[in-house]
Amino acid sequence: MMLAVTLTVKRDAFTLQLNNSLPLQGVTALFGRSGCGKTTLLRAIAGLDRHADATVQCSATIWQQGSRFVPVHQRRIGMVFQESSLLPHLSVKQNLLYGFKRLAKHIAVQLKPEQVIRLLELAPLLEQAPGQLSGGQRQRVALGRALLSQPQLLLLDEPLASLDQQSRSEILPFLQRIANTTGIPILLVSHQLDDVVKLADHLVLMQHGRIHSQGPLQQQLLQPELAAIGAMSLLHAQSQGSNNHLLKLSIGQQQLQLPAPQHANTASYSPTSYRLRIQARDVALSLKPLSDSSVSNQLQVSISGFNIAPHPAETLVQLTLEGQPLQALLTKHSVERLGLQVGQQVYAQIKAVALD
Amino acid sequence: MPELFLTLSPQDWQAIRLTLKLCLYTTLILLLLGTPLAWWLSLSQSKLRTAIQAIVALPLVLPPTVLGFYLLLLLGPHGAVGSTLQQLGLNHLAFSFSGILIGSVIYSLPFTVQPLLESFRRMGPRPLEVAATLGAGKLDQLFSVVLPLCRGGFIVAATLTFAHTMGEFGVILMLGGSIPGETQVLSVLIYDHAEAMNYAQAHQLSLGLLISAFVVLFIVYGLHRRFEREAPL
Amino acid sequence: YASDKLTIAAASDLRYALDDVIALFHQQQPAAEVRVIYGSSGKLSTQIRHGAPYDLFFSADIQFAEQLYAEGHALSQPQLYALGRIVLWSPRQNMAGIELAQLTELNFRRLAIAQPAHAPYGLRAKEALQAVGVWPAVEAKLVYGENIAQTAQMAQSGGADIAIIALALAKFPELANSSKRASHGYQLIPAELHQPLSQAYVITRHGANNNTAQQFTAFMTDKDVLAIMQAYGFELPVSARQGEQE
Amino acid sequence: MPELFLTLSPQDWQAIRLTLKLCLYTTLILLLLGTPLAWWLSLSQSKLRTAIQAIVALPLVLPPTVLGFYLLLLLGPHGAVGSTLQQLGLNHLAFSFSGILIGSVIYSLPFTVQPLLESFRRMGPRPLEVAATLGAGKLDQLFSVVLPLCRGGFIVAATLTFAHTMGEFGVILMLGGSIPGETQVLSVLIYDHAEAMNYAQAHQLSLGLLISAFVVLFIVYGLHRRFEREAPL
Amino acid sequence: MMLAVTLTVKRDAFTLQLNNSLPLQGVTALFGRSGCGKTTLLRAIAGLDRHADATVQCSATIWQQGSRFVPVHQRRIGMVFQESSLLPHLSVKQNLLYGFKRLAKHIAVQLKPEQVIRLLELAPLLEQAPGQLSGGQRQRVALGRALLSQPQLLLLDEPLASLDQQSRSEILPFLQRIANTTGIPILLVSHQLDDVVKLADHLVLMQHGRIHSQGPLQQQLLQPELAAIGAMSLLHAQSQGSNNHLLKLSIGQQQLQLPAPQHANTASYSPTSYRLRIQARDVALSLKPLSDSSVSNQLQVSISGFNIAPHPAETLVQLTLEGQPLQALLTKHSVERLGLQVGQQVYAQIKAVALD
C-alpha cells in the first residue's frame, strides 16, 4: 500500500518537486522546517489544490493523473487543517457529525462518536459554537470530526500544536491505536520531534520543497539533520512481563527494567513488543558496569563509529546494541578521557527512556 | 389603525394580493436564478465574467418606463420573444402577469446578484474545502455550508429585491397596463390615486404599505441578528 | 421682478402643437427665452401647488386650472383656447370607418386607453365607450396607460391591438407611419359622446410679474397659433372661433 | 459609433453633465452617511437598531413618484423643511438640484447601507482588534482596515447606488420637475424623448447610457477582481 | 512594577476568577491546560474584552476600573493572537510596519525593523501576501509586527506553536534578550514546558479559571502539577570563562563543564551568570563519585526529601545543591538498592543540561 505522488509546484521563491512513494501503513510523519512545503503537499494529496501534471495514486486508485481528477469529497480523506477550520455556523456536535452523517450506508463505522467524544474530552463542549472554544478545544474538535468521517487516509497538519502536554500525551497513543487497530494510515505533520518519534513508524524528512530522505523511523533517526534538533535512537524490545509497575524488557540477550506505561485505557492493551525512545544525551558510557549508581539499566554495546555533533565540544557516538543502532552524545573531553575507540565494547547507562 | 384597513376597497385588496404574489415570485425566481449566477461569477476571474457582472447591473441605469418600453417591444407580438411565443400558439407576454414578472426579474436582478456575489466571495474557500474533505459534494456544500454561512447575503438580497419590486411601477405600468387583478399592483394603484389627487386613499395605502413592510423587515432583520448572536461568524 | 425667461408647464397632449407655437413665438420675440415642461395635468398642478417655478400652466382639462385658480395658485381666470378630440387607432389595421360601437364585433385582445382615474383623455375615452354602450363588453380587455402618450406607445408596440388616443397624437408622423404594413387611418370619435376636453391655461402666481408670460398668452389668440392648433387636431372653442372670424 | 454622439444636442449634454453630477454627489453623500450608519448598525444588537435598519429600507417600497410627492410636501414651501428654510431667508428645496439630491439620497439609502452593513458584519472583530493592539484608533481603523477589507462591499454599495440614481426618475420628476440644467437629468430626458416618441433620440441616449455604464462597471469590477487576486481575503 | 488584575468572567460552563498581581519584569509564563482561561485573561488585560467590574492596573496606570477604560490602542500593548491574525489586505512588509508607522514621535525605537526582519528571517517574505505564507511564516510575521510596535507590554499567546524546533531555538533567546535589554515585560502563554523553562523568569500556573500558584520559575518548578508533565529543576550558575568550546561554571563551591552555547549572535553577549535547566530524569545518583563513566559532571548534593512521582514505580528525589533545589527522578527500585535516606550526601550525575 503506497501513496505515489509526482508533483511540481512553482511559486515565486519556492518550488516543490516530488516524485516519491510514501507508505500507507501506520503513521508516516512529515518533518521539516517551516515553509518547506508540508502543507502544500498535504493539500495536493487531498485534492484541495489541483496542480497541473501532477499524479497522485493511493494504493490501486488513481486520484489524479492527466485529466483524471477524483474530487476531494470522493477521496474519503480525513483532514485536519493547520489553522482552525470549524464550520462557524454549526455547533461542536454538528461539526463532529458533519462527515459522519454523510457516510454511505455500506461503510463500516470503525470510530464511534461516543468513543471519539470521550477520548478527546469533548462532552462538555458539544453544544457550544466554535467561536466559544479555546484554541486547543477547536483543534480537538477538528481532529474528532476528521476521525468520525471514517477516512481511508488521515492527513493531519499539526493537529496538536496548541494542545497542552497532558492532552497531547492522551491523544497521541489514541492516534497510534487508530493506526494500529483500524488500519487507517496517517500522514502527520508535526514540528515536535518528540511527538513524531512517539507516533511515527516512518519518517519523511522534507527540505526546501523536496523529500530529503525517508525510511523507517529507527534508521531515519540517524540522519544528521535530526541530530541538530536532538539526536535520538529507537530500540525495539520484547516484553517479558511486568510486576510492581515495572516492565521487564529484553533486547536480544540483554535485559531492561522500566516503569510500566500507565495509560488510562491500557488495561486491554498489553503489547508484546515495545518501542523505546532514547535521547542521545540520555546515554552515558562507562568502561565497566557501574554498581553503586541509581542508573539501573546498563547495556553492553559496541562502538561502531563517531559522528560530528552539532556542538563542536561534543561527539555523537554510534553504538550497536544487539544489532540495533543506538546513539550517545558525549563531550569530546569524555571520549578522550575514556579513550573510546571504534570496535570497543562498553557499557551504556540509559538514564531515561520513553516508552510507547 | 383598525379603520385604516376597514376602508380598503376590494380593488385595493386585489392589488395587495397581486403585489405580494409578484414580489414573492420575483424574489423566489431571482434567488433561484441569482444564486447559481452569483456562484459562477464568484468562482472565476475571466474577463467574460466581469463583463457579465457588469451586464447584470445595466437594467438599473435605464429609466424604468423606458426599460418597460423596450421590454414591451421585446415581449409584445412583434418582439423576438413575443412573436416566438405566438408562433408556438401561445400568447405574447405584454400586459400579462408573466410579463410584469419577467420585467421585475430583469429589473431587480442586480439587487439579488450583487449582494450574493459579494457574500460568496467573502466566505472564502476554506469552509467548502472542509466540507469537501468531510465527503460533501457540490450540491451538499451549497445547502449545508454556503446557504447558512451566507445567510446575511441572502437576506440582504431577498429584502432589497422584495422591497424594490414592491415599489417599482415604471416598468410594470408600461409593460402591464394596470389591469386590475392581473397587473395592477399596489405601487401602480397608489400612483393612480396620487395622480388623481385621491390623496386620502394614496396616504392610506402608502401608510399601510410602509407599516407592513416595516413589520416584515423588522422581523427578518431581528431573526437574522438573533442567529448571528447565537452563531457568530 | 420681471423676467423674460418663461417656463411653461403643459399637458402631454400639447407636446407637438405647443412646440410649434413656441417656435413661432420665438420668431416674433427673438429675445424671449421660453422653455416648456410636459407632464400629466395632475402632476403639474400638484407641483404648482408646491412651489414649482412654472409661469404658465396649459392643462389638458380646464378643471385642473380652475382648481388652481380657486386655491389662489393662479392669478388669471383659466383661459379656454382649444378642445381636444379622441380617436380610435390601431397599429394593425386601418381604423377609418370603424365606429366605436363596432368594437364588440372586432376580434382583439387588448384595448389601450389612458388611466381614467387621472388622465383627462382616459376619462373621455371611458365616457365615450359608456355612451355607445360597449364599456361592459370591452372593460375586461382594457389596458391603461399612465398618460395619453404612453397609451399610444402601448398600441404602437403592438402590445395593445387598439387604442383610444388623442387626435393630436394620431396625426403625429411617428405614429402615423409606425408600421409599414398599413397607412394608419384613425376614426374620430364624435365629440358628443364625451365631455369636452377643454384645453385651458392660467398664469400662475409664479408668473405674475413675468412679461413674457403676458406676451405669450396674448400670442395664443394669434391666428397663426390657432391654425397650428387646428392642424394638430384641436378644435377651437366658440370664443376663439369668433376671434378667428374677426 | 462616433455619429452616435455627434448627434447629441446641447440639451442632451447638459442632462448628461447634470446626471453625472447628481449620481456622483448622491454616491459620495451616501457613502459618507451610509458608512457610519452601517457601522453603527453592525455593532450593536439592540431592538432600536433593528428598527432603524428596517426604516432605512422603507423608501424602497413606495412607488417613486409617490415618494417624490411626499418629499415635495416636505421640502416644498408649505412643508416642514421648506417653510423653515424660507423663514431663514433661504429657498425651499423643491425644484432645485439640492432637492433632487436629497430625494436621490433618501431613495438610494438602502442600496448603500445594506451591502455595507453585511460587509462590516462579515469582516468580524479580529482585524479591528489587531489594528487596535497596534495603536490604531477608531478612525484610523476605519481607513486602514475597514475600508480596504470591505472594499467589495463598498464597490457593491457604490455601483448599486450610482446605477440606481442614474435610472431613477420618478422621484426626480415629481420633486424636480425636469428643469433643464437644474433638475432635468438624463433619465428624465430619455423618458421625455420616449414620451414624445422621439425614439431615435431616446434610443441613442439609452444606448449611450448603457455602453458607458457598461464600460464603467466593467472597469470597476475588473479592478476589484485584480485586487482580490493579488490580496485574497 | 506589577500588573494587578481583578476579574470575574462567567460563561456557561466556565468561570474565570482572578484577583492577582503579576510581575511586569522579564518573562512571565502563563501555563495551564487547554481551556483554563489563558486567552480570556490576555484579552482582558489588552482591553479587547471589557468585563464588568474588572480592574486592570499596569504599574501606576489604571487601564480599567469602574467606568474608566483605556481603549486598546492607547495601552501600547503588543499582542500575538493564538490564531493567525495578519491583516489580509496588507503585504508582509505592510503588516510588519503597521504598528511601527503609527508610533508617536516621542517614542524611542528600541526594536528596529531591520533587526526584527533579520532575526525572524522575514526578508524573503516581505512582498508576499498573508494568504501566501505557511503557518509558521504567519506566526513569525505576527510576532515581528507586535515587536515593532515598540510595546510597553508584550502579550504572546502561543507565539511559537507552529514553528519548527530550529526557528524556536533561534527566536526564544531573542525574546529573552528583548526582555532583558529593552526591559519590555513579556506575558507568554505556552504549552511547551521546555520553552517556558528556557524563557520565563516567573511562572503562573492556571487551573480551571484560577491562578493556582505563581512565583519565580525555580520555585514553581517544584509544584507537583508540573511533575506530571516532566519534573525539572533550574540552577543558577556563575560563568568561570570558557575554552575549547567548553564553558566552565560554578555553583557555590562546585564546578561544571558544559558545551558552550552557540548562538549566531552571542559574540557580543557573554553573560556572567547562566540558567541551567535539568530534567529530573536526567539526574542520576550514586553513593560515591564515578570515575570511568562518560558523565563528567558530578555534583555533591544532599537529599532533602522524597516526593511521589506521577509513575507509581518511580520516586522524585528532592536534593539540595549549594542551597539550590534539584530534583532527580529514580525508580523506587534504585532508591531501595542504594538505600537512599533524607539528609544523606550523594553524588548527582547530571547527564544533560540545557543552558540559556
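Letters A, B, C, D and E mark the chains as written, and numbering starts fresh at 1 in each.
One rule holds for everything that comes next: contacts are C-beta pairs under 8 Å (C-beta built on N, C-alpha and C of every residue); 3 or more make two chains touch, one makes a residue touch a chain.
Everything numeric here is computed off the predicted structure, so don't read it as measured data.
Trainee: Return the chains common to the contact lists of chain B and chain E.
Mentor: Of all the chains present, those in contact with both chain B and chain E are A, D.
Trainee: Please identify the chain with the largest separation between its CA centroid and the CA centroid of chain D.
Mentor: Of all chains, A has its centre farthest from that of chain D.
Trainee: Quick one: report the Å distance separating chain A from chain C, using the average Cα coordinate of each chain.
Mentor: 91
Trainee: Could you grab the centroid distance between chain A and chain E? Build each centroid from C-alpha atoms only and quote it in angstrom.
Mentor: 26
Trainee: So, what's the distance in Å between the C-alpha centres of chain D and chain C?
Mentor: 35
Trainee: Can you list every residue of chain E that touches 2 or more other chains, as numbers and ranges?
Mentor: none
Trainee: Enumerate the residues of chain D that touch no fewer than two other chains.
Mentor: 65, 69, 194, 232-233
Trainee: Scan chain C for residues touching two or more other chains and write them down.
Mentor: Counting only residues that touch two or more other chains, chain C contributes 43, 46, 150, 153.
Trainee: Can you name every chain pair that touches?
Mentor: A-B, A-E, B-C, B-D, C-D, D-E
Trainee: Which positions of chain B touch chain D when the two form their complex?
Mentor: 45, 47, 50-51, 53-55, 57-67, 69-70, 110-111, 114-115, 117-119, 121-122, 124, 152-153, 156, 159-160, 163-164, 166-170, 187-188, 190-191, 194-195, 202, 206, 209-210, 213-214, 217-218, 221-222, 225, 228-229, 232-233
Trainee: Can you name the residues of chain D that touch chain C in the complex?
Mentor: Contacts found on chain D: 65, 69, 72-73, 76-79, 82, 92, 94-95, 173-174, 177-180, 192, 194-199.
Trainee: Under the definition above, what is the set of chain D residues touching chain E in their complex?
Mentor: Checking each residue of chain D against chain E gives 126-127, 129-137, 140, 144-145, 148-149, 151, 230-233.
Trainee: Give the list of chain A residues in touch with chain B in this complex.
Mentor: Checking each residue of chain A against chain B gives 46, 48, 71-73, 76-79, 81, 85-91, 98-99, 102-103, 129, 131, 145-146, 149.
Trainee: Per the contact definition, I'd like the list of chain C residues that touch chain B in the complex.
Mentor: 40, 42-43, 46, 109-110, 112, 115, 117-119, 142-146, 150, 153-154, 157-160
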